[in-house]
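What follows is a group of structures, each given as structure tokens.
Shared chain: chain A. Partners: chain B in the first complex, chain C in the second.
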Partner chain A sequence: MAKVLVREAARTQVVGQGVPRLDAEAKVKGQARYADDLSFPGMLYGKAIRSERPHARIRRLDLSRVLAHPKVACVVTAKDIPGRNCVPIIYEDMPLLAEEIVRYVGEPIALLAAETREDAEEAARLASIEYEDLPAVFDPLEALRPGAPQVAVPTAAERGNLFNHMVIRKGDVARGFAEADVIVEGEYRVGYQEHAYLETQGVIAVPEENGIAVYGTLQCPFYVQRAVAAVLGLPLSRVRVVQTATGGGFGGKEDVPSQVAAMAAVLAWRSGRPVKVVYDREEDILTTSKRHPAIVRYKTGAKRDGTLTAVEVEFYYNAGAYQTLSSAVLWRGLVHAAGPYRIPHVKVDGYSVATNTVPCGAFRGFGSPQVIFAHEAQMDELARRLGMDPLELRQKNALREGDETATAQVLTESVGLLSCIERAKELSRWEERKQKVAEFNARERFRKRGLGVSTVMYGVGMGAKAPLLDKAGAYVKLEADGSITVAVGNTEMGQGAMTVLAQIAAEALEVPLSVIQMAPVDTSRVPDSGPTVASRTTTVQGLAVLDAARKLKAKINRAVQEILGCPAFVVEGRSFCDPKDPRRRVTLEEVARWMWVHNWDMGATGWAEAAPVDWDPKTGLGNAYFVYAFACHIAEVEVDILTGEAHVRGFWAVHDSGRIVNPKTAWGQVAGGIAQGIGYALLEELQAKEGRILYPTFTAYHIPTTLDMPEELVIDFVEAPYSGGPYGAKGLGEVPLMASHAAVANAISAATGGRLREYPALPERVLALLEGEK
Partner chain B sequence: MRLRPIPAVKPRSLEEALRYLEEGGRPLAGGTDLLVAIRKGQEKPELLVYVGELPELRILREGPEGLEIGAALTHAELLVHPATERFPILRAVLRTIGSPAIRAMGTLGGNLVTASPAGDSLVALSLLEARVRLVGPRGERELPIPEFLVGPRKTALERGELVRSVFLPYPEGHPRSFFRKVGRRRALIIAVASLGALVWVRDGRVERARLALGSVAPTVLRPRDVEEALVGRPLAPEAWEDLVPVLSAATQPISDLRATAEYRRKVAGRLLLALAEALQAGP
Partner chain C sequence: MRLKFRLNGRPVEVEVPPGRRLLDLLREDLGLIGTKEGCGEGECGACTVLVDGKPRLSCLTLALQVEGKDVLTVEGLAQGGKLHPLQEALVETAGVQCGFCTPGFLMAAYALLLENPNPTREEVRAWLSGNLCRCTGYEQIVDAVLLAARRLREEKGAES
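Showing the complex of A and B:
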């Protein structure tokens, strides 16, 4: 049984308060400056000339008409790149500009910069490229067959088109299945999911006296810095990356901005002028990363009483033409494949495969939603077969403190899964609701309702696959007037990170939140804090802020002691008082002034490293992540049996992300994740044919609207504190999306009596389920 | 793709507007269809003639026989104007068009001229047997909806002609209204199939019915045989079931990115049962 933190016990002032987002006002008033809002004198507009073929040899590249365009200032091909022709991510297989071979439709071949955006678009159409088509492959299973066209750059692949194969071998699944009374099996398929961030990709590269500055919409400034330095052949110290207000990321601005920035930087370097590259929605959908399409096969065994005995998983991720982040995505999928359950025998094989399609990448959940869809469908199928309540089945198998995960990691603390399930059951009035749904279904002729549940776990942070990145730095500075500046290397992309980090600083410094100012993120001025990904910012970056704030607080305390001449004092708002003589007091402003006058060092640096993790790639066993977050979601859907339309009527989501620093922003994170999950399960379909995305617009790709959200939406948190996080916090960001779609999918299956095995559950698919296609 | 500047004029009178149209100008009101088509390169007008604020196109006149609606009135304006209260079917349809932003810009005349097979307002105008009033170099003329809509995205408009207004005759008595739009989500959606109906009910039976379907034929479809077959039937889905295949058979759907023809055909017929259920449930 997990410990549930009682709020009073935390005794915090600012942490735990639902303060408004610090960036809200500027964004609501339209004052925030996004990438495309910035302009520099002499600025050009950059544009890529892209491959029209999925797989081809470039026979001839004729850019003479592009060069002849009167408004074109600069044209760049692979040979004009001053540094390396490579966008370094995990592997270095992806060129910035294709030289001999193009591997996907939309791959950049050449770049141009022109005086206006319209000129750039016009000029890009003047390129003449002669291709020799090569055999192409688009399906991951076909790409693995002997004799399949070779897509992967050989140095980046294990063999053929197999980028990576990863395994978990725990116990003996043959024995586990032999012990099972019931075994369910199924294959599940999902397609792309598009990030649909409000702001498309955009950067401006500006040559500076000593190097280059890049301004842009991005999650990971230090990734961009590395990529730009690589293509320009410059030391990192001469590349400065400044994050502009960022209109959403969801992982889509993890690796892609490195590519966009590298393009702008090469053009800026060659032309000597600032170059802006901003994608329109169509270019963004066609050419940037998405969630990996997947084929997922599961076999799960359980005893008659519901106890899980074994799970065997095989899953294939369509990675696209280059590695980008696929190996990391695959690894997270692997570790999460068995779900948040106690299973003695586990065998998992994950494959990421190269095909002639646009490279896939990071998207909230990072390789886990695909397997979660499947493992939660399996749990539902088991519950049906066993005649058990689906929540009860999950309760029975849920990981508890002291249990071993599928990777044989013993969970030593902060396991709030059972509390999540219990609370979700209570909030949804589960038993009563089941009854009501049954009555509705008996009464109604053309409508059916169904309840679906999901439980998930989430490994917080980078995990054992990329431990080098799981660090963060912070600099906290008391200004001479008593205001405080906090500089961090993680970024705000709409998730509320800066607000939460400011709350942590205010709490540790015992000052009002209004005193804190978060510094703009500029790689030349903030510490490298690793990427803003993996729901790690509150936990890891928060710890670094806490470390710095505590050091500064110690200095402030010493100054107050000297000023008041007493060893102890009390803090009242912005004042420090002698407890024996309350008239003896000094304000924060006065303390700051005193420190400045006395030449004190008024800054403090903080550092945090994630707790150690380890991993054996041969067995797939080890301490994969330093801590896990948990959630239980319940969805109620109604389907129209005449048309197959589905609507989520009610949703109850309970999360354990440790201590919640800001309940309001946390609520927003969960609600947003539910919306994205509804989209993934019910609406979002990006049709592609032979490597071409057919309709790259929001007219065809349907993300949920306000009206598609449930009428009843209940969100709550149980807080199982994590001793390694600031004030007991763990990560939250990705978890809501990971859990929500699976609950919706199971509710669709319950309402239709069929089994949804492919996303999205479009009306036609729902009708097929209703009509008995299993 | 960005738009290249296109010359545009804002005439002060209908007369002046018609002169520009004769010279080959394209009328622009809300722009919710035209600007999108220009962006996609499907339309390349040389001159845009902004008619959205012409007083002659902004009238709303309640007469003894019916209501005349200026072509440049927006969906949002029509939704709140008291004069449209007598046409609940019109309001039911307009409420489902696009999003609040689209409804604030898009006009009834624009929806007519676009003549999309999925044009939502066309379902209501067809049910109400509206007449389209056109004005052009050779004067004015009036066409019933079926004559105005000649095909998918094709109207009877001639060069230089403009839709001036739409005349909605008041329906006799008090028919019950029904509109159901099927799509992949609940708002901001192009219909996959839709069914609108005006049904006159007497003693628990259908006295008379008008049906109109969207998105399942080249233009809005009035299935007269089904309308006639409904007369005298009780308001109960089970009493209408035999007409489901008849209605499906009356459609001529296509497959596109939103749905297959097969799905459209099937669902169009089944919407009849949704109508029966709604009628049975009472007003």
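Showing the complex of A and C:
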């Protein structure tokens, strides 16, 4: 049974409080400055000239008319790049500008900078490019066949178009299936999911005396710094990256800003003027990363009593033309493929494959939602075959403390999955609701309802695939007037990180939150804290803040002792006083002043490294992540059997992310994840044909609106504290999306009596499921 | 061409080319960057402003169309350094995450409360369905509008 920390019992003042976000006031006033809100004197507008072909040799590139445009200040091709022609991510296969071969529609070939946005657009259309088309391939299974056109840059692939193949081999699946009384099998498919952050990609590169500064909407400033340094051939110390207010990321601003910034930087370097590159929505949808389309095959076995015996999984991710983050995405999918269940025999094979399509990348869940759709569908199919309640089947197999995961990692603490299931069952009034749904379906002819469940686990942090990145630094400084500045290298993209980190600092320093100010993120002034991804910020960056704050607190304490001349004191609000003589007191402002006057070092640095992880690529076994978060979601949907339209009526979500630092922002993060999951399962379809995205607009790509949200939405947290996190916190950000779509998908299947095997469940697809019922 | 209108209560007179969008006039010529562009094609609502009290998508409105009219943007909501109750409520309910959609939601909600000071939850949802938010899942935004509506009614009640 998981240990559940009752919120009231935790003795913290600021941590655990739903305080308002620090950035909310500037945002409601319209004062927050996003990328496109900044301008610099003499600024030009940059634009890429892009490939119109999915796979071709560039025969001739004629930019004379672009150059002749009176408002064009600068044109750049591959040979004008001062440093390396490469956007370094995990591999170095992606050029900034294609030289000979283009591998996807939209690949940048040349760049220009002009006086206005309109001039830049106009000039880009003047480029004339002659192509020699090459055979192209768009489907990952076809791309793996012998004789398929070679897309992948050979140095970045294991062989042919196979970027990466990764495995898990645990136990003996043949034996596991032999022991099973029931076996279910299925193939599941999903297409792209577009991030649809409301603010499109944008950066401004500004030449400075000693190098270059890049301002932009981004998650990972240190990735951008590295990419810009590479293309300009500059040392990192001469590249300064400053994050602007960021209008949503969800993974879409993990690696892509490196490319956008590198383009702007080369133009700025060549022209000697600031250059702004801001994508419009169409360019953003056409050319930036998305969630990998996938083909996923599962076979799952269970005993008559529901005990799982084996799972065998094979999945293919369509990575697009270059590696970008696909190897890491594949790895997370692999490790999460067996779900949050005790399964003795596990065999997983994951493949990421190059095709002539836009490179896919990070998107909330990072390769796990595709396999979660499948493993949760399998659980429901098993429940149906066994005549078991789907929640009960999950309860029976749920990982508990002391259990082994699919990678043979023993979970030693903080496993709140059973508590999540129990709480979700209680909040949704599961038994009663099942009854009501059955009554409704018996009564109504043209509308059917269904309930769906999902349970998930989430490995917090970078995991054993990239342990080098799982570190964070912080600098905390007491100013001479008693206010406090906190500098961190992770970023705020809307998720509420800065507020939560300030809460952690305030808690550790025993000061009111209002005293704390978070510094703007500028790579020249804040410690490299790794990327702001993998739901790691509260945990890893939070630990670094905690470390720095505790060190500063020790200094403040010493100063107070010297001032009051007593060994112990008590803290009352902003004052410190002698317990024996409460009139002897000193305020934080006075302490700060005293430290300043006495030439004390008033700053402290903190450092955190994630707990060690290990993993063997041959067997796929090891301690993949330092801790896991869990969730159980329940959805109730109603389908109109005449039109096929589906609507989510009710949703109950319970999460174990350890200690919740800010319940209000956590609530919002879960609600937002649920919305994205509803979109993924029901609405969001990005049609593509032969490597071309057909309708790159919000008119065609529907993300959920207010009307797509459930009328009843209940969110709660059970807190199984993690001893390695600040105040017991684990990660939360990605988990809500990971769980929600699968619950919706299962509810659709329950309502229609069919089995949804492909997203999204658009009306035609729902009607087909209903047809199948007859 | 010469354009005269009122912006956040003040008279403005500017020179604009005929094809200029209201959005660009506000953001680029007048420096009011609070109004956002999320799509430029009338689908996201991030660019919503009020023209004579009615919500308008400034990405689809020509600057010249506001001749002689009253335009209100997010910058005009707070009065005398005090947040408008809608702004206050959004801060309180945590209905702001990345904040990029926020100005558009504020303006749309402001227009709703002008028309219907006592909306139901369903009415708020329906009214705001033209504004996209990718972060919040909308619940806390809807909560904020209802909270602000209640406070505005109470303020009114107290005055009369």
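Here is the rule we use: the second predicted complex is superposed on the first by the 770 of 774 C-alpha atoms of A that agree within 3 Å, B and C clash if a C-alpha of one lies under 4 Å from a C-alpha of the other, contacts with A are read in each partner's own complex, and residues count from 1 in each chain.
Keep this in mind: a residue touches a chain if its C-beta (ideal position, glycine included) is under 8 Å from a C-beta of that chain, and two chains touch if they have at least 3 such contacts.
What you see is a predicted model; the values in this text were computed from it and never measured.
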Task = Identify the partner contact of A:683: answer first if only chain B is touched, second if only chain C is, both if each is, neither if none is.
result = first
Query = Looking at the overlay, does A:445 come into contact with chain B only (first), chain C only (second), both, or neither?
reply = first
Remark   = The answer to whether chain B or chain C touches more of chain A is C
Message = A:643 in the overlay: touching chain B, chain C, both, or neither? Say first, second, both or neither.
response = first
Request  = Scan A:281 for contacts with chain B and chain C and give back first, second, both or neither.
outcome  = second
Inquiry  = In the overlaid three-chain picture, which partner chain does A:599 touch, first (chain B) or second (chain C), both, or neither?
reply    = neither
Inquiry  = Quick check for you: in the superposed arrangement, does A:155 touch first (chain B), second (chain C), both or neither?
reply    = neither
Request  = Please work out whether A:707 is in contact with chain B alone, chain C alone, both, or neither, and reply first, second, both or neither.
outcome  = both
Task = Answer with first, second, both or neither: which of chain B and chain C does A:699 touch in the superposed model?
result = both
Inquiry  = Going by the contact definition given at the top, which residues of chain A touch chain B in one complex and chain C in the other?
reply    = 280, 699, 704-707
Ask   = In the complex of these two chains, what residues of chain B are touching chain A?
value = 1-2, 4, 99, 182-190, 192-193, 237, 257-260, 263, 266-267, 270-271, 273-274, 277
Ask   = Of all residues in chain A, which touch chain C in the complex?
value = 18, 20-21, 23-34, 36-37, 195-200, 245-250, 280-281, 493-496, 664-665, 667-676, 697-699, 703-707, 709, 713
Message = Quick check on the complex: what are the chain A residues that touch chain B?
response = 117-118, 121, 280, 282, 445-446, 640, 642-645, 647, 683, 687, 694-695, 699-700, 702, 704-708, 762-764, 767
Ask   = chain A touches which residues of chain C in the complex?
value = 27, 32-41, 43-44, 46, 73-75, 77-78, 83, 87, 90-103, 106, 124-126, 128-140, 142
